[in-house]
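For clarity, chains are labelled A, B, C, D and E in written order, and residue numbers in each chain start from 1.
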Amino acid sequence: MPINYYIFFCLTLFSIGMVGVLTRRNAIIIFMCIELMLNAVNLLLVAFSKMHNGIAAAAANNAPSTVGGDGQIFVFFIMVVAAAEVSVGLAIIVMMYRNIHSVDINFLNRLKN
Amino acid sequence: MRCHSVIYDSMSIVQILFYLLSGLAVFASLMVLLSKNPVHSVLWLIVVFFAISGHYILLNAQFLAIVNLIVYAGAIMVLFLFVIMLMNLNASTEPNQHIWMKLAGVIAGGCFLIMMVSLASQAGDMATKQVLMKDGNIGLIKDLGKLLFSDFVLPFEITSVLFLSAMVGAVVLGKKDKA
Amino acid sequence: MISVLLILIPLITALVAFAMPASGSVKNWAILSALATLVVAVLAAVTTSANLLQVNVAWLPVLGTQFSLQMDGMSKMLCLLTGISFPLIFIAIHKQETPAAPAFYGWMLLSQAGLMGVFLAADALLFYIFWELALIPVYFLCSLWGGEKRIAVTFKFFIYTFLGSLFMLTGIIYLSYHVPGGSFAIAALTKAALSESQRNGLFWLFFIAFAIKMPLFPLHTWQPDAYEEAPTAVTMVMSGIMVKMGLFAVVRWLLPIFPAAAVQFSSVIIALAVTGMLYASFIAMQQNNLKRLIAYSSIAHIGLMCAALFTAQPGAYQGVMIQMFCHGINVIGLWIIADAVEKKLGTRELSEMGGLAQKAPVLAILLVVMGLANVALPLTNSFIGEFMMFNGLFQYNMVWAAVAGISIILAAVYTLRMIQQILYGPTNAITENATDLSATTRWALLVGVILIIVGGVFPQPLIDLTKDTVQALSIKP
Amino acid sequence: MIIMSHLVFLVPLFPLLGFLINGLGRNLLSKKSIGAIGTGAVLLSFLVSIQLFLQVLQGGGGVDTLFYLFKTPELSIPFAFQVDALSALFLLIITGIGSLIHLYSTAYMHDESAPHFARYFAYLNLFVFSMLLLVLGSGFVIMFIGWEGVGLCSYLLIGYWFTNNDYNYAARKAFVMNRIGDLGFLLAIFWIISKLGTTEYAGVLAGVNKLSSSDITAITLLLFVGAMGKSAQIPLYTWLPDAMAGPTPVSALIHAATMVTAGIYMIARTNLLYTMAPFTQSLVAIIGLATALFAATIALRQNDIKKVLAYSTVSQLGYMFLGLGVGAYTGAVFHVMTHAFFKALLFLGAGSVIHAMHHEQDIRKMGGLQKRLPHTHLTFLLGCLAIAGIPPFSGFFSKDEILSAALQANPIFYVLGLIGALLTAFYMFRLYTLTFLGNARFQEDPHHAVHESPWQMVLPLYVLAILSVAGGWIGIPEWILPHAHRLEELLQPIFAGSVALTQEHSHLTHAQEWMLTGAATLLIIVAVIFAIRSASKNVPSSDPASGFSGLLENKWYIDELYDNAIVKPLQAFANLLKNAIEKSGIDALVNGVGKLVHYGGRQMRLVQSGQVGNYILIMVLSMVVFLLIWFNDSTLMKFLHSFFS
Amino acid sequence: MNAIIFSALLGVVMMFSGIVTQNKQTITRISWVGMLFLLIVNCLHAYGTWVIKVDTHGTLHFDSIGLIFNSIVFFAAFLFLILSGSDIEKTGIHLAEYYALIFFVLCGVSILTAYNGLLMLFLGIEIMTIPLYILTGADKRNLKSNEAALKYFLMGSFSTGIMLMGIALIYGATGRFEVTGGSGLAPSTGLAIRPSFLEVGGLLLLFVSMCFKVSAAPFHFWTPDVYDGAPSVFTSYMATIVKSAGFFAFIKLFEGHTIILGDSWNLLVPMVIFLTLLIGNITAVFQQSVKRMLAYSSIAQAGFMLFALYGTNDLAKEGILLYAFSYSLATIGIFAILIKLKDYSLDGFNGLATQYPMVAFAGTIFLLSLAGIPLTGGFFAKYYMLSAAIKAGGIFWLVIAAILLAAVSVYYYFRVIQSMYFKKGTPEWNHPVSKSFQWALMAVAVMVILIGLFPTLLLNFFYF
């Protein structure tokens, strides 16, 4: 499978997430779109890790190599961080909902200029 | 030489699966944006995650595939769902973003995509690179585990701080203070 | 080592003054300190041994800058001027009661320390720091004890000059990187290896800073406002000494470092300066506000000095040297009287005055003497200086000299007008019950008058004092 | 000679001391002592001057350097005094007449309170001091010092009664106009320095050959500008009539006898330069002549006794410049001397009249004073005869010498000069008649009878009268009495250089001289008689005259012309600068920058809309821009080349 | 290593201190002791006297400058706790938790000063920011605080996404989680080896996200709102300690790894610097609330610090240390005063000088330092930055622009001084101004002046 396919695919997902962030007003949806972006990155990382692994394997004529493992480890860490972020983020959103009974980011305009 | 033939043999199925999953993912993610009702968005997002897990499996990264399902599709998305239910948000609660804003957002994202894609497509060194699909066992739990607890033990330890702070955060923000 | 004292005495006494109780004692303390500084300044002026005057202490070797002071004739003279001015000012205002006197005198002494530092510093970075240190106290003095529009006016003045000095800072840094070994010492800076375009650019970076300080037309607009709004004691410091900083800096830094550029741009600068002279004189002619009138006349005088500096005529340099000192004395004297007049009459509008000569003959005499010194009448101290400068200007270009000469006539016009409006004619409601000068003010002014006459009849000491600076300048590379 | 040169410094020293004592002790001294000190100081220096003069007669003289005003490698100005025939002569005039006028003043000013009395004498002494510096200085700078010094004193003395603002304006006018001249003088000095590197007369005369003719012309012209200012020549003469605001003795001393002749002195000093600059010389002659006639015409219709004398002074000064212009340096100096005598006399006489009339100056309100003021009348008459140029009074000789020189230079000069002389005779005797003859045109009030002045005033009158009668006899021309021109012999060393240069004119025969002079004198006498008769017949009415005489009464409207053509425009210009350029121009620009920043801040903070969406949008867009920038960057192109080739 | 471990441990300790005691005083005291301990421990590491040896497998790499920076930041944090501890107590009831989070942030900081490889960078940044999201929202009832927290969180995680994409691309190109930036390329030709475009894209995205973290224009938008909305205590903490750490990481990341970007780097960075200076300074001019003004001014200051990114020479390194220190001190000091005031607008300061001369004096020193007036630390900080830029050469126009804008900055800083000294009035206080507080302020002010006189005192660490 050519790596470019993966690159394009992940970039597409990433951009979709980005567009979502830009076009939606619901804080939660926006947050979800950010998660989508993260997932795109994850997939890309895995693809790259496999690519490097394949190259290494080809170089060492198919002796199984551990090259590229760090990519997937990184993905693992991303997920960890994401989890933590989500807990905090949702806590913040809930806190705000308690106060203004809305999660519409366009209501966030006390602070400006 | 041999590796080439390997790829050659299994190309068709893999490719079909690849396109299938990719199409599904893209469609689902679009639906995340387009569906008015947050709950639907969440569900669509879960679909995306499943598709991506599928990709992981395709790439023979089973560990991540599982983790992805458990953490994201399982824990996180449930959390989202839970929050949305709690706030009983539905289609009516979110007024439409201003049309110009939407347009601008789409255009900006599109530009970004175009730039990045053109960048990648011009990356000559990537033109010929192939991804090793189902072979290679670095994605297996055994190997990742080894790696995680040898080279990456320190980061692993340190993430605990992250969770501690997240926990504290939950306390600070979530706990109703008598005042 | 003497030179360090010149900075330390005012600095320390200032800090003490801040801590002193708000009573009359602080005034005497300030006068005491100023006199002590004067004594040291005199010693420095008469001494000849270089190692007594030079100081070189490692400060920031990393940056290649060091705490180095040195005194040439000009620094000696200007330190002397500073040394003389402050006691005069303190004595002149001794009778007035200033609110929050300790802070006032503290700031005054701080500014003196800064000025001394400016005149002494032999290291560009140090020079810059003192340059600012002299500015900050003035900012507080003006904003705290000034007239009703003080805050805005002072702010304008501060930002204006600060901007200028920032340009200078950039120039200094840039220069020091083109010096082999990256030093800030004057001697090193003169050896900087620069392309012509770099040289010209830097020249203007420095010159703008100095021109704003002088101030040179058309960068002068902060000055009349600042002089009008500032408390008179501070105005004296500003117009008597601070404006000399600009000229001093040109002599000490600009000309030695960029001799070629100085020649190249001399025509532009002289054109500006002469235009400024006439411009300021004309405005002074129509000025109805005593303080602004003096301010503009001071701009005119400074313009002449600035022009003379770029004629590359030794005689003109010598003239500037003398005039820096004499103008300082004269203008301080004028301010003392202007202050007294304003305090007595409660107005600074010339049109509301008149007939003061009948009520205050001593004031009248002193004002006339100061005024004559202001028009550079022979046998007053400014005559010799202006004679030399005009002569130098004439040797440089007789047309400019002739044009600049018109300001001599205009000076007579506005000065005599001022004198007449204040002193002569019948008295009116305002001047009816004016009293004569207080004793302390008289004494302060008497010193000024003596300096004026002596300087006019026998300026040779000043010339001998500053000879070395002039020679150093006159050596063409 | 050695002995002499060390006495010189005493001459200016005494007046200086007098100035200091009177100035500082104004509140302590009694009027008597003040007057004594003031007069004594000048008298002392008069005695020293006589001593000097005698030594000069014995061929003494020289330069005595007291100290150096300043000394630099490029230029050094010695503070030195030069004593020779010219300066010695002027010393005598200044100190002599000076002391007489001081004496006169003690009586004339006795109404003043002690401090002001002291102020008056201090100023007067200071004036004498400066005038002596001017005359004694051995170089242009010292002369310039004196030059400005006398200007200052005249300013102070014109504005002596400072409560009257008109007087103050007159004083300012005098000072400023003098300054205009001074600028010319100063520039001339610079020019000399730039060419010769010295300002000493000796040095200049020695180096005169180094100067190109254009240099000489320029220098002389600039010097002449200075002279115009000081000696009230067209176009800078208008200050002198106004200067009559000062006390009458001041007018006598400063604005008749001494200061105004400084210009002549200067040109006489530098006569060699002028002789070498024919253009300047002719200019001097023309301007002198023009001034002489112009002022004379104005004097015809003035009714203020002092104004008449003032304009006659201007006119006489014009004569002197005519003399200088036609190369009759001796004649000019001669006329300076005689003029000093009779004009001082006339002014003092006028002063005595005014004193007697209780400060009434309008001659239309006088008349018939010859009985009440016999001494004044007599001396005044002598003065008039002298100025009218009737032989054998002093004026005749000096004026004749100038006129004959003018004739040799250019017959037209002579004719015009003669007309001027006739006018002079006319207005002087008109003045004399209206003042002293006929019957009184004023009501005498019993308390203040019109009485003859005290001896302090009369004595100077007589002394000066004698001088103005006999003063001319030291310069008896060749054709009357050979080798009787003592003055020419005396001044011969000064003007030797010029005389050598001037090519010999076709000398008139003595017979022609006799005829011309006779005719001239006849005409003058006719004029005098005509004047007396017309004046005694119809007294000028007080209502403003019309037509030509009105034009003359209003001094050809020159003051108004200057006011509207120069002063007002300049003030308008200054106002323009002050209000338009400064306030709403430069300063507005400076403040504008500040306002701009403020405005920028106000606008820029609107970008901070508070909307997360916009923030992120801008972020994304700028990301895109960054990528674009990189794409446009040359590295891409370079790479593509290296890749595809 | 010491710093990381002990900051984490101290975080835990603070967490439990809340259970042990309810007395706020004691908790604060504990935090002081802990902070001091942390500082000492780190210094011990810096001087190499005592280090906890842990095999980091090359994920961390401790160098002297990093450790020095660490100690500087810890010192600033210590001063912060001393000056504002009492105000943290007033913020909300979860005092212990706040302190815990503060220490966790420090843990992130000390990771950022020592990270080696993008993984640790990522983790460090997250560990540093996530607690900040919480602290920003600490004042739960306050809508502004909520809003700030949400904005900060959303934009922060967005930029994290960007950063991760960048990392991924770099990994794809190089197979390693490091910024090599084509350092393999010979600078002269620039293209001895073909550069990977993916790496370029990755670098750019990384650059963007780092710009966001240090609030460089045009990615600065979160800063004013967040700094304004957050409880002032934590604003001062964020604006100083966190920001400096971010800068350090930024410079550490790109130093010498930008060849691949070619000339565009020398166009991008000046552009960013200019925009940052311009927006920061110009926008600050019009602000009425001092707190918001300081937020913008912090952007402006960031612009100056970015000079170190352009001219990465030894001057820049020293400069960033000096800058971080003097800037942090001044900002912490001025915030410490601001927090105690009731009215954050300029008029709130009116007549401070007559009421508390010492406070006013200290505040003046801080403001002068921020404005970069000589004899205060701020002067030499700016001086170093300008020299670094000039030495690097090529952007003299930018230096001039910076100068002009510095003059503008004088305008808004001095307005505060004006209201303190020249305007009449008596400020009202939320929190009492204790004598000890005044003396502490004075001490800090003296420190600022000392640094202004002898910057080498600080930099001599660097040459030990």
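Everything below uses one rule, namely that a residue touches a chain if its C-beta (ideal position, glycine included) is under 8 Å from a C-beta of that chain, and two chains touch if they have at least 3 such contacts.
Because the structure is a prediction, the values reported are computed rather than measured.
> Please identify each chain that touches chain B as well as chain E.
A, D
> What chain lies closest to the overall centre, CA atoms only?
C
> Could you find the chain whose CA centre sits the greatest distance from that of chain D?
Farthest from chain D by mean C-alpha position: B.
> Hey, which pair has more contacts between C-betas, A-D or A-E?
Contact tally favours A-E.
> Measuring from the mean C-alpha position of chain D to the mean C-alpha position of chain E, what distance in angstrom results?
Once rounded, the distance between the two centres reads 77 Å.
> In whole angstrom, how far does the Cα centroid of chain A sit from the Cα centroid of chain C?
The mean C-alpha positions of chain A and chain C differ by 67 Å.
> Hey, how far is the Cα centre of chain C from the one of chain D, in Å?
It comes to 36 Å between the two C-alpha centres.
> Please compute the C-alpha centroid of chain B, do the same for chain C, then give the distance between them in whole Å.
So the centroids are 72 Å from each other.
> Quick check: what residues of chain A touch more than one other chain, meaning two or more?
Expected reply: 3, 7, 14, 17-18, 21-22, 25, 31, 47, 49, 51, 55, 67-68, 70, 73, 77, 81, 84-85, 88, 91-93, 95, 105-106, 108, 110-112.
> I need the residues of chain C touching at least two other chains; which ones are they?
Within chain C, residues 159 contact more than one other chain.
> Give me the residues of chain D that touch two or more other chains.
594, 605, 608, 610, 612-614, 616-617, 620, 623, 627, 643
> Strictly by the criterion at the top, what is the full list of touching chain pairs?
A-B, A-D, A-E, B-D, B-E, C-D, C-E, D-E
> In the complex formed with chain B, which residues of chain D make contact?
Touch list, chain D to chain B: 613-614, 617, 620-621, 623-624, 627-628, 631, 636, 643.
> Using the touch definition up top, name the residues of chain E that touch chain B in the complex.
Going by the criterion above, the answer is residues 4, 8, 11-12, 15, 54, 56-57, 59-60, 92-94, 97-98, 100-101, 104, 107-108, 111, 119-120, 123, 126-127, 130-131, 133-134, 137-138, 140-141, 172-173, 194, 196-198, 200-201.
> Would you mind writing out the residues of chain B in touch with chain A in their complex?
Counting only chain B, the residues touching chain A are 2-3, 7, 14-15, 18, 22, 25-26, 29-30, 32-33, 38, 41-42, 45, 48-49, 52, 55-56, 59-61, 63-64, 67-68, 71-72, 75-76, 79-80, 83-84, 86-87, 89, 93-97, 101-102, 104-106, 108-110, 112-113, 116-117, 120-121, 126-127, 129-133, 135-139, 143-144, 147-148, 151-152, 155, 159, 162-163, 165-167, 169-170, 173-174.
> Which positions of chain B touch chain E when the two form their complex?
Against chain E, chain B makes touches at 116, 119-120, 122-126, 150-155, 158-162, 164-166, 168-169, 171-173, 175, 177-179.
> For the complex, which residues does chain A have touching chain E?
So the residues of chain A in touch with chain E come to 3, 7, 10, 14, 17, 21, 27, 30-31, 34, 37-38, 40-41, 44-45, 47-49, 51-52, 55, 67-68, 70-71, 73-74, 77-78, 81, 84-85, 88-89, 91-93, 95-96, 99-100, 105, 108, 110-112.
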